[in-house]
Amino acid sequence: MHRLVREAIDVQALRKAMADPADGAVVVFEGVVRDHARGKTVTRLEYHAYESMALKKLGELCDEARARFAIRDIAIEHRLGMLRPGECSVAIVVASAHRAAAFDAVRFAIDTLKQIVPIWKREFYEDGAVWIEGGN
Amino acid sequence: MHRLVREAIDVQALRKAMADPADGAVVVFEGVVRDHARGKTVTRLEYHAYESMALKKLGELCDEARARFAIRDIAIEHRLGMLRPGECSVAIVVASAHRAAAFDAVRFAIDTLKQIVPIWKREFYEDGAVWIEGGN
Amino acid sequence: MSIRVLFHASLAEITGLAETEVEAGEFADVASIFARFLADHPRLAAHRDSLLYAVNREFAQPQTRVEDGDEVAFLPPVSGG
Amino acid sequence: MSIRVLFHASLAEITGLAETEVEAGEFADVASIFARFLADHPRLAAHRDSLLYAVNREFAQPQTRVEDGDEVAFLPPVSGG
């Protein structure tokens, strides 16, 4: 399951939708809007996506995670629009029988998302706004 | 924060208690009771702890995670008593500015917990029960 | 007989265009479309070395061929997550 | 003048004891306390090579000295998480 959403991400609902009694481990990653970046106070953060391609790439990323790691399932939600510090920008949930594969898959998913999924953030400071190019 | 609890672990509450606008990443690990183990159907799982020592070791483990990794905070809850398949046996939440440290700290915490914290599980099958010795 | 052209994030700000079209017959590849907009928007030059290209929602190269009905997108390095 | 002795999980089942006491003066180290319970509960022998020792909630060795007021615990390999 992968979605782009404009409302707050409900991480708990995403995690509950993944529940299965065969799972022994669930790993959740939440990206959160920080109130500081590049030495400045961040007042808001805007996420923009090339939506049709981002959905395609998120789907491919989930397929690759399922193929490469011994996991049962993976779900990703990325938020778009204007966010405040403390809000969740992306949530990734992986459920598996054993924990090592779940950790590996979540890490693969967020690292790959930051490299290849066409989504961009614009940081708003007290004195202006900047599109961020390139991830970390 | 580290606790041993006899009621269901509220992962969402644990995560919300860790919220801080300086965080950019939150990683959550949930151990879940599997309905199968060792080729058998697991009907229930009982967790027993040497409670005073387990709390001491969990505290040391949290201190070590905070010292070794660039994280803001870590919280661990481990459940004791009788659990059913699908229930959460342990939850670990790490919040940090950047994700790599959060992943490393959660993985260190669950790996170390399984090696040194005096907690044991007894698996109940349809035809009996066995104390499990040694982790994975 | 047209190719849909998309600019995202900072590139949309520079061109003032999020979405437009060009005549399919006039452009053989992605690079020729970029050159056409570079002529009108010289500030794009500063992004030339870092930008990513997509044709029909798949990453592409400057020399990737384009044809009628294609969707060509110019993308800054991504920064989601 | 006593030492508190704890058995956990499978060891409590074997000994039928979760918690008991021994006279402090009669035991110099952890191993001597284990030997005392091994005599009464020979099934403990099968666990000798794998078990863990703790004195006052810290991991210890068979040769760790014990004294009045100590809490000595015998622990199977842990399996929490």
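When the chains are written out, they are named A, B, C and D in that same order, and each has its own residue count from 1.
The working rule: a residue touches a chain if its C-beta (ideal position, glycine included) is under 8 Å from a C-beta of that chain, and two chains touch if they have at least 3 such contacts.
Since this is a predicted model, take the numbers as computed values, not measurements.
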Going by C-alpha centroids, which chain is farthest from chain A? Tell me that one.
-> D
State, to the nearest whole Å, the distance from the C-alpha centre of chain C to the C-alpha centre of chain D.
-> 73
CA centroid of chain B to CA centroid of chain C, Å = 49
Averaging only over C-alpha atoms, locate the centres of chain B and chain D and give their separation in whole Å.
-> 26
Could you check chain B for residues that touch two or more other chains and list them?
-> 31, 110
Numbers and ranges of chain C residues touching at least 2 other chains = none
Check the chains against each other and report every pair that touches.
-> A-B, A-C, B-D
Note: in the complex, chain D contacts chain B through residues 6, 8-10, 13, 50, 52, 54, 57-59, 73, 75-81
Chain C-facing residues of chain A, complex = 31, 47-50, 52-54, 56, 78, 89-90, 110, 113-122, 131-135
Which part of chain A faces chain B closely enough to touch in the complex?
-> 11-12, 15, 19-36, 85-86, 97-99, 103, 106-107, 110, 136
